[in-house]
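Read from first to last, the chains carry the letters A, B, C, D and E; within each, the first residue is number 1.
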Amino acid sequence: MSTGAVLYAGAIGLFLIGCYAMVAERHLIRNILGLVLVESGVNLLLVAVGFRENAAAPILKAGQSAGMMVDPLPQALVLTAIVIGFGVLALALALVVRVHQAYGTLDTREVARLMRVEREASGPGAAGPRAGAKS
Amino acid sequence: MSDKLPVIEDQPEICRSVDAGERSVWTRVMNRFADHCRARSLFVLHYCTGCGAIELPPTITSRFDMERVGVSPMVTPRQADILLITGYLSIKTLKRVILSYEQMQSPKYVIGFGSCTINGGMYWNSYATVKRLDQYIPADLFIAGCMPRPEAVQQVLLKLMEDIDAGKANGWQDYYNNYDRYLGNQQALFGESWHTPTDVIAEAKHYGYLADGTMGRHTDLLLKRADYALDRVPEDYPERGKNERRLP
Amino acid sequence: MNTVPQIIFPVAIPLIAAFLLPIAGRCHAGFGRIFGRAAVLVTFLASALLAWQVAGAGPASSAMGGFKAPLGIVFYADNLAMAFVLLLNIGVWLFWPSGDEDRSGPYTLLLTLLGGGAGLVLSGDLFNIFVFYEIVAVASYGLAASGGSAAGFGASLRYLLLSALGSSLALMGIALVYAAAGTLNLADLALLAPDVLRGPPGAAAFLLLLIGFGVKAELFPVNSWVPEIYASAPVRVTSLLAGIVSKLALIVILRFLVLVFPMPSAYGLLLTLGILGVLAGELAAYRARDLNSTFAWSSIAQLGVIAIAFSIPGPAGIAAGIALALHHAVVKPAFFFIADKWRGDVKLLSGGARTSPLVAALFVLLSLSIIGIPPLPGFWAKYLLLDAAFSSSPAYWLAAAVVLAGAVVEGAYLFRAAGFFYGGPQKGRGAALFMPGELVPAFVLGAVLLVAMFAIAPLGAYITSMAVQAADVPAIAAQILLGGN
Amino acid sequence: MSLLLRRRFFWEEIDLMSLLDILLLVAALLASGLFVLGRGSFAGWLATVVYGLMLAVLAIAGLALDSGVAFIPSAMSFEILGRNLGWRLDGLGWFFALLTVGAAFFASWYGSGEWGRKQKRMGLQHALLALNVLAMLLLLSSGDLLSLFIGWELVSWAAFAIMTQGGGPAVAAAYRYMIYALAGAMAVFAAIMLVQNVTGGLGFADLQTAISAMSTAQVWVLFILFAAGFGVKMALMPFHLWQAPAYSETPGASSAFLNAVSARMGLFALILVLVKLTGLEALGSLAIPFTFMSAKSALMWVAAITMVVPTFIALMQTDARMLLTWHGIGQGGYMLLGVLVGTSLGTAGGLMHVFNYATYQAALFLAVTAVIHRAGTSDLDELGGLITRMPWTYVTLLMGIIGLAGLPPMNGFVSKWMIYKSLLDGGQPLLLIMAFAATLGTILSVYKLIHNIFLGQLRREHQHLKEAPVSMVLPMLILAGIGFVTGFMPGLALNITDIAQRAIGGDMLPHHLGGVTLATGSLNMLWVVGVLIGAIGAGALIFYLLGNRRYEVHQFDNYAGGHFLSADIRYHFSHEFYPGLARVIGPWYRGSIVRAEQGIGILVNVAGDLWQAVFRVAYTPLYMLLVVVLGLVFTGSWGIVP
Amino acid sequence: MMSYVADFIFMPLIAFVTGLGLVLMARRVRAKIERRVGPPVLQPIYDIVKLYAKKTQISHGIMHDLSIMMLLGGFITAEIFLPVPGFDGLAGEGDLITLIYIMMVPMLGLALGVGSCANPNGSIGISRALTAMLAYDIPFIIAVTGACMAYGTTNLIEIVQIQQAGGPASWGAATMPLLAFGGLLAVHGMMGKEPFEIYIAPAEIATGPMVEMSGKYMGALFIMQCFQLYTIGVIYTTLFLGGGENWPFFLAKVFAVVFISVAVTNVYGRFKTDTMIRWMWKWPTGIALAGLALVMAN
C-alpha cells in the first residue's frame, strides 16, 4: 500500500476508535479520551489530504522548487485544530471535576439518571425562583 | 274521625229552581234544545267499586248496546255526565268518589247501582262501609237489587233520559245549594281537615248557584285548611328536595 | 467595491476587551462590569458604523495580510451579516448579567461569544468559520455552566461532548472540501463548486458540515442538549443561546448552501431535517409539563421552521428565513424570561392572570405572534415562508403543511397554558406576585414586537433586499476575489 | 366608474367613499372607548346608541347599493410585502353587516339593563362585543383574499375572547373552539397560498383565474381546503362538536349575539368564495369519479346531514341553551343547502333564512337568559309552569320556537318554504325529505323546550318569581315582533336579500310583499297569515259566544286517577320527554365523531411522548453518527431531487 | 277579496258537515263490526251540542283557551286552502307544502293547551302525539314529494286538473300505485285510528291530551276530529284519487278513503310507541321510497 493509503487508513481508524469510545464507554474520562482520539484522527486526515508521494517537507531552502514539496496549507490548519482541541479538552476536564464533585460518580448513565431525578424533583414539584441561580 | 254516629238531617223536597233568564223565548227554546241533546248524549263513568262491575260491559256490547240511545262509556270524570257507582262504598273509596264527583262538569247525574248504595245492602252493619250514598253526594236514581241485571241498568238510563228531557234531573244543583250539609256529613266521616282540591264554593259563586245552604258551619272549617291556591301553604312546609317524590 | 479596514473591528474589539477584562477586574472589583459594558457599547458603535457604510456603499470585504485567495483569510460583510452582527450586539447588551457579579468569568465569556459570533458571520473562509465556531462553542459551554448548579455542569459537559464530536465531523468535512477543491475560500469555492463538488464527495462534505454546525443550530438529530441546557442555564444565557446564537449557526449553514453546495440533494437534506425538527419540537412541546421545557421544545420547532425556510432555493426562501429568525429572536427570549419567573408545573400556575395581569397579557401577545395571527409580525413572517414554499416544488408543499399543522399544535399548548392563567381558580401558590421590573427585557422585546407590527412594510422591503443581495453568488465572488486588496 | 349617481338622491352629497370608512371608524372608536370606559353602566347604553347609529349608516349604504352601485370602496388600503390589501363593501357583505350590527344592537341593549348589572365584568363584555363587531365588519368588507383571511382570523380570535368570559367550563369550551378555529384558519391560509402560487396575486379576480388555470386535482384540493376551513366556523358536520358547548357557556347577551351571527361568518365566506367567485357551475363540474355526485352535491349532502343529525342531538339535550345551540348548527345546514341549490329561489331562501334565523335565535336566547336570570337555572328538569309568572318571556319563546320550527305565522316558515320549493323544482327529493325530517325533529324538540320550562306544574320555589325586567323583555319582544312582521310581509326581508343576491350574481327572484308567485305553486303570506288570524278570531268567537263562561281552576284541581295532588309531589312530566322515540333512535347515537376527536387527541399525546423519549436517551452522539451514515447513503444514491 | 267571502263561509261549513258524516260513518262501521246497532244519525251533533251546553266550563289558564281557538282556526284555514269541486278557495295563494304546515298549527296549539293543563297524562299524550307525527309524517312526505315530482307542480288546483285530464287512468293511484299505497298507510297513521291511536290510549293515559278537556273544550276537540278526518281524506283524494270533479263522486271517494282506514282500525289492537315508529319507518316508508324511485326513474 502506498504511504498515502496508510495515512488515510490510520486517520479513519483513529476516528472510528474514538467514535466507538465516545458512544460505548460509560466512563466520562474514557469518553473524553475518545474525543481526543477523534480529533487526532481528523487532524491526521487533514494532514493526509496535503500529502504528496515522496515529496519533501515544506521548508523552503534556497534552490528548491515548490513543486516537490508536500502541501503546507493543511498542516497550518492542523496547528489551529490541535490548539482548539486542547482548549476544549481542558474545559471538558474542568467540567468533569465539577460533575464529580456534584454527583460523586463519573458514569455517564448514572449522571444522566441523577440529573433527570433532580429535574423531576425540582422542576414540576417546587415552583418558584430556583435557589442559588443568579439570573 | 269523630266517634259519634253521623247525624242524618232531613232532606227538603228536590224542586226545580226557576232559572232567572228563563222567561225569554230564546233561552227557553235553547234550553229545550239543550235538554233534548243532553238526554240523547250521555257519557257514563263506570265507578266500579264493588261487585257490580261485571254487569256493565253487557250494556255496552252487542246484546244491550246502549250506544243506540247515545250512551257511551268515558274514562275520566271531567268528560263524564253520569257517575254510575256500582257496589258497596268503603269510607276510603267514598273520598275518591267525592273527588271524582266534584271533578265532573254539571249538569251531572249520579246513579246508585245495587242495594249497597241505597241502604248498605248486605254490609248494613259493617263499620267500614257507607250506608246511604245520597247523604254525601246528591244521587238521582238508584237501582235496587244485589247485582241488578243489565236490563235494570238499561231501564234506569232510559228513565234518566226522560227526566233530563223533561228538565227534572238536577240533583247537581242541590250539591251547590246545600253544600254545607253535604260537607258536614263528609267532615263527620273524614274529620275536620277533610277537603278536596276542587273549590266548590268559588265554582258556585262563579256560576250563580249560591244559596243560603251553600255556606255554613262546616264550610268555615274548610276555608281555614284548604290549600286551593298555592300561596296558602302552611309555613311548616319542608324545603324543596327533602320529600320530593317523583312519579315513576 | 472598497475594502474597508474597519471590517475587523466587530471581531477584534470584543476579543481584546475579553482579554483585558480579567486584569481590569482583578485591580478593581466593580470596574470589570463597567468595562465589559463599555466594550460592548464600543463594539456596537463600530458595527453600526460598518453596517451603515455597507448599507450605503454595498458589501465590503478585505483579505487579511494582503494574501489573495486561495491562501488568504477573507472577511466579507454584506447587509445580512451586518444585520446579525448588530442583532448579536444588541442581544449581548440586553442580556448582560445585571446582578452583583463579582467573578469576571461570565463577562469574558460573553465578550468572547460576541467576538466569535461576529467573526462567524463575517468571515469568508471555510476554516476561519470553523475556528470562530469553536470560539463561540467554548464560550457557550462556559456560559451554560455559569449557572453554578450541578445539573448545569452535567448538561454542559454532555453538550460539550456532543458539540466537540460535531466539530470534528465538520473539520472532516472541511478536509474533504479541501481535498476536492484545493481551496477553502468561499468565493473561490463558489466558482469551482459546480464542477468539483458536484458528485457524492460534495454531498458528503455538506452532510458533515451540516451535522457539525447543526449542533449549535438545533437541527433535528443533534439538539438533544437543548432541553437540558435551557433548563439549567441562567435565563439570560438561555435567551442569548436560543434567541441569537442558534440563528448565527443557521446563517453559516445558509452561506454554505448558497455559495458552496447549491445542489438539490443539499437542499433536500436540510428540508428533511427541518421537517423532522418541526414535528419533534411541536409534539414534544405539547407533552411538556412546565413552561421552560415547553419553550425549549418550541424553540427546536421554530428553528426547524427557519431551516425549512432556508432550504427553499432562491432569494424568497432566504427572505422568509431571515424574517422568521428575526421574529424568533425577539419572541423567544421574552418567553424564556416569563418561564423563568413561572417555574414548575403549569397546573400550579392557575390564576396567574389575577396576580400579574401584565405578564399574562404579554404571554398571550407573544403566543399570538408566534402562532402567526394577522396583525402581528409573526403572521407576515409565516406568510413569506408559505409564499416561498408554495411557489416551489411539491415537496415544499408538504413542508408548508407541516408548518401549518405545527402552528395548530403550538396554539394548542400555548393556549392550554393561557387557559390555566386566566381560567383556573386561584389554587396553590399560583404565580408569585413580583414586580415587572425583573422582566424589563421581556417587556422591551414585547414593545419591539408591537412597534414592528406597524413597521411591517419597510422591514419587509429591507429583508427582501438583503435576501436578494445574499443570493446572487457571482457578485459575492467578484467582490471577494477582485475587491479585496 | 364614477361613484356619483346620475339621478339626484338625498344622499347624493354624502360621498359614498366615506360610508364604509365611517362605519369602520365608529366601530373601532367604540371598541377602544369601551375598553377604556370599562365598568361604567352607561357604557352599555352608549354602545346601544352607537350601534343604532351604525344601523342608520348601513341603511343609507343599503339605499345606495339598492340603486345600482356595485360596492362601497374604503379609503383604507395598505401595500405590504408586494401585496396590496383593500376593503370594500358589496351587497353580500352589506347584508351580513346589517345582521351583525342589528344583533349587536339588541345584545348590548339587553346587556345594559338589569341583567348587565348582575354580571361580574359587564364592561369587558360590552367591549369584547364591540371588538367582535369591528372584526366582523373588517371581514365582511374585505376586498381581496388576504384581507379576507386577516378578517377571518380577527373574527375567530374575537369570538374566542368573548367566549372565555363565562369562567370555568366556558374557558375549556373556548379552548376546544380555538383549536378547531386555528386548524380551519390554517386550511384557509394554505388555500390562499395555493391560489397565489398559481396566479401570483391575491385578489378575488385571481381566484377566478386560478380556478380555470388549475388542474382538477388542484381545484379539488382548493375546494376541500376552503370548504373545510370555512366549514369549521359554520360547524358543518364533521367539525361541529365545538359549537354547542362554546356558544351555550358564553354569558347571556353575548351568546345571543354569537348564536345569531357569529356562526354565519363561515356561511358568508363560503358564499363569497365558493358561490360568488368559483361559481356553482364550476363546483358542479367537479365530478367525483365512479359516482353521479359532484363537489356541489357532496357539499349539499354534508349540509343536509348537518341539518338532520344536530337537530336530533338537540332533541336529547336536557339544558335549554345546549338545545338551542345544537339547533343553531342544524339551521346552518338549511342556509347552506338553500344557497347551494343554485336557483334564484334557493339562494333567496337561503339568505332569507340567515335573516330569519338571526331574529328568532337571538329572541330565543334572550328569553332563555331571562329565565336563567329569574329562576337561576336553564336545566329543563328543574323548571316548569313558569307561564303564569313570566308571561311575556313565554310569548317571546313561543314566537321564537314557531319561527325556529318554521310554522306559518312566523318568518321561519317563508324561508323554509322557499328552500323546500327550490329543492323540489331542483329535482332533489331525498334532500327535501331530509329537510322535512329535520323540521319534524325541530318541532319535537322546541315543544319539549317550551313545555319543560313554561307549561306543566309550577314548582314550589318558583312561586314568587316575577316577570323579567322591562329592559330585558322589550328587546326580546321587538325581536319576536320583527320575526312576525317579516313573516306576515316577507317582501320586506326579500328586498334586503335582493341586494345580497344581486351581489352574488345570477338571476333575481321576482317577489311581491306577500311572498313569491311561481308557475309551479306560489306562496302569499298576506293571505295565509291573514286567513289564519281571521280563522283564530272565528275560533275565539265560537269559544266565547257558545257555551257558558269559563272558570279558571288552580293547578292542583286536576284529574290524577283519584289521587289528591299537592305541591310536594312533583308530577311534571319533563325528564326524558320522548321515551318511545328514545327507544327507537337511542342506539343510533354512538358518538362516533366524538370518539374520533378523542382518538386524534390520544394520537398527538402518544406521538409527543415518543419524541420526548427519543431525546431523553443518553446516546445522542449515536444519533449523530446514525444520521451521518444515513446521510451518506442518502447523498450517495445521488439524493433523489425532492 | 269579495269573491273569497263565499269560500270563507262555505268551505269550513261543508268540511264540518262532511266531517260529522265521516265520524258517524266511523262509529257506525265500528258498531256493525261488533254486531251492534250503532249510534243514531244525529249522535255526533248531540254530543257536540251537549258538550257546548255544559253549565260549568273548567279552564287551566289563558293558554288553554287560546289553544282551542288555534285548534279551530288552524283547521278552518286548512279547509280554505283545500280545493273542492265548486270552491277553489285560496289554493292559488298557498300550495301543498303550505297546507301541510298549516295542518301543524292546530297540532301545536293543542299541544300548548294540553301542556298548560299541567296534567302528566296530557303531557305524556302530547309527547306520544308528536312522536306519532314524526313517525307517520316521513312516509307521508315521501309520498307527497313523489307525487309533486311526478306532477311537476305543488299547486293543488293544477294537480287536480292534471289528474282529471285523462280520466281515472291518469289518477295518482293509477300512475303511481306504490306511492299511493305508501301514502294510504301514512294517512291511516295521521287519522290517529286504532293501531296508531297511541296518544288517545284511554286505558294507559286516560285519553291523553283530552284528559283535562271538558265542556266546550271537549266539544272543540270533537269538531277538530271531524275537520281532521275530512282534511286528511280530501288531501289524499286530491293527491292520488283525482280530486273532485263533481260533489257526489268526490264525497264517495273521501268516504271510501276514510272507510278503508276505519275498517282496518276496528280489527287491530294498539301499537306500542316504538313499535309504531319502527313499523311506520319500515313498511310505508319503504313502499313510498320504492314509488319515489320509480317516479325518479322516468
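To be clear about the criterion, a contact is a pair of C-beta atoms (placed from the backbone, for glycine too) under 8 Å apart; a residue touches a chain by one contact, two chains touch by 3 or more.
Keep in mind that this is a model prediction, so the values were computed, not measured.
Listed here as common contacts of subunit A and subunit E: D.
Minimum number of contact steps separating subunit A from subunit B: 2. Once subunit D is left out of the assembly, the remaining chains are joined by touching only within these groups: A, C | B, E. The chain with its Cα centroid farthest from the Cα centroid of subunit D is A. With centres taken as mean C-alpha coordinates, the chain found closest to the middle of all protein C-alpha atoms is D. With every chain reduced to the mean of its CA atoms, the largest distance from subunit C is reached by B. In terms of C-beta pairs in contact, B-E outnumbers the other of B-D and B-E.
Chain geometry summary: the mean Cα position of subunit C and that of subunit E are 80 Å apart. Distance between subunit C and subunit D, defined via averaged C-alpha coordinates, is recorded as 46 Å.
With each centre defined as the average position of its C-alpha atoms, the distance from subunit A to subunit D rounds to 65 Å.
Remark: subunit D and subunit E have CA centroids separated by 36 Å (rounded to whole angstrom).
Counting partners per residue, subunit B has 76, 78, 203, 207, 247 as the residues that reach two or more other chains. Residues of subunit C found to touch two or more other chains are 158, 161, 165. For subunit D, residues that reach two or more other chains under the stated contact definition are 458, 548-549, 551, 553, 555, 557-559, 571, 573, 618, 621. Pairwise chain contacts in this structure: A-C, A-D, B-D, B-E, C-D, D-E. Across the interface of their complex, subunit C is touched by residues 78-82, 149-150, 153-154, 157, 164, 167-168, 170-172, 175, 178-179, 182-183, 186-187, 189-190, 193-194, 196-197, 604-605, 607-612, 614-615, 617-618, 620-621, 623-624, 626-628, 631-632, 634-636, 638-642 of subunit D.
Within the complex formed with subunit E, the subunit B residues making contact are 33-34, 37-38, 40-41, 61-62, 65, 67-70, 72, 75-76, 78-79, 81, 105-107, 203, 207, 247. Every residue of subunit C that touches subunit D in the complex is listed here, in rising order: 158, 161-162, 165-166, 169, 200, 203-204, 206-208, 210-211, 221-225, 227, 263-269, 271, 279-280, 283-288, 368, 371, 373-375, 379-380, 383-384, 386-387, 389-391, 393, 395, 400-401, 404-405, 407-409, 411-412, 415-416, 419, 422-423, 425, 456-457, 460, 464. Interface residues of subunit D facing subunit A in the complex, by the touch rule stated above, are 616, 618-619, 621-622, 625. Within the complex, the subunit B residues that touch subunit D are 76-78, 96, 99-100, 103, 196-199, 202-203, 206-207, 227-231, 233, 237-238, 240, 243-247.
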